[in-house]
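Consider the two complexes below, in which subunit A is the common component and subunit B and subunit C are the respective partners.
Here is the complex of A and B:
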């Protein structure tokens, strides 16, 4: 017997586990002969539902009846707007904090206090000040994704090796050129790590935020389907949330690979 | 020396005292000069302040007193006129070998076209024998190759003065010998003025025109300036058979082992800002009649 490769054996094991899990689930939810009532739907039901939903993911039949693809698109759009806004502020600010011990010390207490606040705690304040629920959800994403990027950028910039800075100095690079050509690429892997943590947190938070603000988005959809007692749809949404989250993470992992360097 | 290209005048570096007490003096009353095209090595024990001295020459560190004058102008801050090769290659790890060189070339000649920068950089990579591995990143090169890329980068910008801080310290003996030869070759082709730190006596004799001896720190001084009177081209395997070689080597080793500690006591208060004594142990040894040196 030829020894098969590790990835192949791992894939086989994965599929086996999936089969066992789904089989056990299907068996567990089989109704006993003499009872009736609501039960958690089995994998077969959910699969059926998924095929149905995914055959037309972008239909729009009014406020409470939109395709799963459309709902996910709303959520992704919100996550990306809040996230990109946060990146635009956190990365330059992190640069300043990382380069200046004075700013680092001055801002540290604020960061330490603001960082552990649950982003949803900001929601009432955001709703009151912004007066728009969709924008408030974006603000919540902004506030939750800013911290990992800010802290990682500052840390990455502060720990750029002295040698690289000296190389920049002996080559008479201007401060801007030093920042862009030396510090940024040197700190990029650390910054990308922060960005990857942030996108993960954003995707976690958007579901909760949309359950609060309602209207559109995958969080609202899950809650709405729960109100409709459509559990197959709820479970299907949960799986879709997981898949999209994985996709976002993989995107950032890919970007991380691009800037990674071996010392 | 009236034709001195680089002149170091009464240089001192002190760190402020932690609390009361006297400030810590790294080195003081350092005076020496270098002429154009000269290869000068400085040797001394670890911690005597050689690297601090080099950083002051590079403009990366500031002297507490005195001045470094190069080509008639005082050094203030780092400049492309002074190339530096650091102890640990210090290549930018996210750039390929060629990009590491061309980044330096581009910052030297900002108006050059991309093609010209590339061609110039490639020429210097070829010069250190790495023309074919330009696309590799530093992590994919051996220690010796990285150091050679560092040499190519430093020579490519054609600085007026090249500063090297123990450039071969991290290399094994065989690789070091090879890179040293590479360095001699490039140096002979470019006639660069070089100031190099080492604590390898044989390396100093092989490479230098003149060796400065630094006493132990703190309060380090430059004790002597030793001419290496061995004709070039020098071959590692040839020079060891010359009588001058051992006279010079013994002189240097004796300084490192004994006199680097006691020199300050012998000359406690030489306040005058003069250049270190020039000694030529090689000349004394050259005559066929071997007499004991007068030292």
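Here is the complex of A and C:
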């Protein structure tokens, strides 16, 4: 077989695996006839549910019952505001840390302590201090997405080749011009890697944060369906969370491709 | 002086015409009675306040007014007592609401029935309000959102306003509990594997869930276990789990049982993972559970809105107390926007026609009931249990705190306005598992328990 058909063969294999998996799942959950209540639904049930939900994704039937599209939009808006806020602080701070060994050493202990804290541990404190649940959720996204961007920016800036900076110096560029015209393009791929890690973490965290504070968003949707032990809805929302997460990751991957360069 | 006389007139008397008491020797002066209703109410309020100050001692009032002048008395009174605020509070309810759009938080359990049903069944709009009933994930979150003023009022467990006002478990903020929502309506549910352990003495080492530390559920479970000779802090593990997660935890074998709110007891039966061991009405028939609560600040700055909201809740609570309305209510609050539960589960709870999970069909029409009146004695019982289990330490002025937080007088007045009959007294004696509770002797009651942290 010609090598060009490799993607085709991979696709066929993928589909075959999916079919086997779904088939086994469907068979495994055939219900015993005499009970009611929640049990793990089969793929056909979930598909049926998904068609139902996706046929009207933006309905708004009161404050506690909104369509899946609206809920996802709420979550994405929260993630983006926390994430962009973090980027606005992390990237300039990363530049400072990366360009100055003094600052790097001085700030390192704080970063090391703050980085591993689960963002949800901040939630009770945030609710108490900020006194607003929506802002608290955004704060939690902010605090979890800042570290990968900060560390990657600092690392990227610090490991720009000395030659580039020396060339800039011989051209008598100002420090700001050096940062923007030489270091930024050189460090961009590393910075983008940090941004890509951050958006992934943000999306992971928003679901948990919304399950905690509730109100709106995909996390609230999952919680509300869990409340009703409606597993078809829960599995459907798991798939939606996965799809949106992949989409966000692909966007950043595309941006990463734009700033890639060969040494 | 009759209630309608001008209390700042030195020649008027506090005592009514024909009063036989010794101070009323002289003739009664003709009263200058205001002719409109507004003026009358003002006069009555001020007159009552003046009586309070001078303790019905007419001679000293007349003397003071002659010496200092009526204006000085009025000014002195206004300085100590917010006369215009008292007048406004007495006349409120009729006035236009200051804020139409309100947010009220609730936890998706049947206890919140009046708060929830008031939205789809039009009780809020009947009193000119546009209320969004917002579903909330847990008690700690509802407390924080209420304290943050994201919610104007909220569904709370009846011990929570006491705890918030005292500043235990949160920052202290004066809170009002103008109405109880439901009485009874809770149950102890056990995992199926314990179906032969119906005697609590066999429960040593088991793990139980309650919705929150400051809940009737926690206090009733502790009371029940202690009566069976188990120390709830040592022999049993009690943990706080949000009600919606109780059934999932029971199925996952994380807990052996829970004393929780419905519909989750009935849901555990519906799912086949647990059975109803005991309804809490069999521990204390008529115990309070959840409440409608609002901050003192809300009640004082927006009195008309507060009164309208309060009326809507009292009205809805009365509507819910009628057995013939229960099926329709179940239908209104079961959908996704509210409880998000199968309608048959909610109906089983509200109508009291249910399966206990062991194959017995039961009929207990007052399994859950609705009664808005916040008895001060209920508040005192809760405080005694908080003291008993060490949630509050030191001397407690039971009566003062209960009367400050539980707004029995307000509730009684509104009930009368709506045409219902409030109880004559705000104190009652209770019998809980055969043991008498006298609200006049709280400290002795706390001391009477063998198992206690006090």
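Here is the rule we use: the second predicted complex is superposed on the first by the 252 of 263 C-alpha atoms of A that agree within 3 Å, B and C clash if a C-alpha of one lies under 4 Å from a C-alpha of the other, contacts with A are read in each partner's own complex, and residues count from 1 in each chain.
We take it that contacts are C-beta pairs under 8 Å (C-beta built on N, C-alpha and C of every residue); 3 or more make two chains touch, one makes a residue touch a chain.
A quick note: this is a predicted structure, and the numbers were derived from the prediction, not measured.
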item: When subunit B and subunit C are modelled together on subunit A, clash or fit; value: fit
item: Partner chain(s) touched by A:99 [first = subunit B, second = subunit C, both, neither]; value: neither
item: Partner chain(s) touched by A:143 [first = subunit B, second = subunit C, both, neither]; value: neither
item: Of subunit B and subunit C, the chain that contacts the larger number of subunit A residues; value: C
item: Which of subunit B and subunit C A:186 touches, first, second, both or neither; value: first
item: Touched partner set for A:195, first subunit B, second subunit C, both or neither; value: neither
item: Subunit B versus subunit C as contact partner of A:207, first or second or both or neither; value: neither
item: First, second, both or neither for A:215, with subunit B first and subunit C second; value: second
item: Contacts of A:227 with subunit B and subunit C, given as first, second, both or neither; value: second
item: Touched partner set for A:160, first subunit B, second subunit C, both or neither; value: neither
item: Overlay on shared chain A, then closest C-alpha pair between subunit B and subunit C (Å); value: 50
item: Contacting residues of subunit B [partner subunit A, same complex]; value: 58-60, 77-80, 82-84, 86, 88, 90, 92-94, 103-104, 107-108, 137, 139, 157
item: Residue ranges of subunit C touching subunit A (in the complex, touch as defined); value: 108, 119, 132-138, 140-141, 144-145, 147-150, 171, 244-245, 247-248, 267, 270-272, 335-338, 340-342
item: In the complex, subunit A residues that touch subunit B; value: 163-164, 166-167, 169-173, 177, 181-182, 185-186, 188, 259, 261-263
item: Subunit A to subunit C touching residues, read off their complex; value: 35-38, 61-65, 124, 127-128, 131-133, 211-215, 220, 223-230
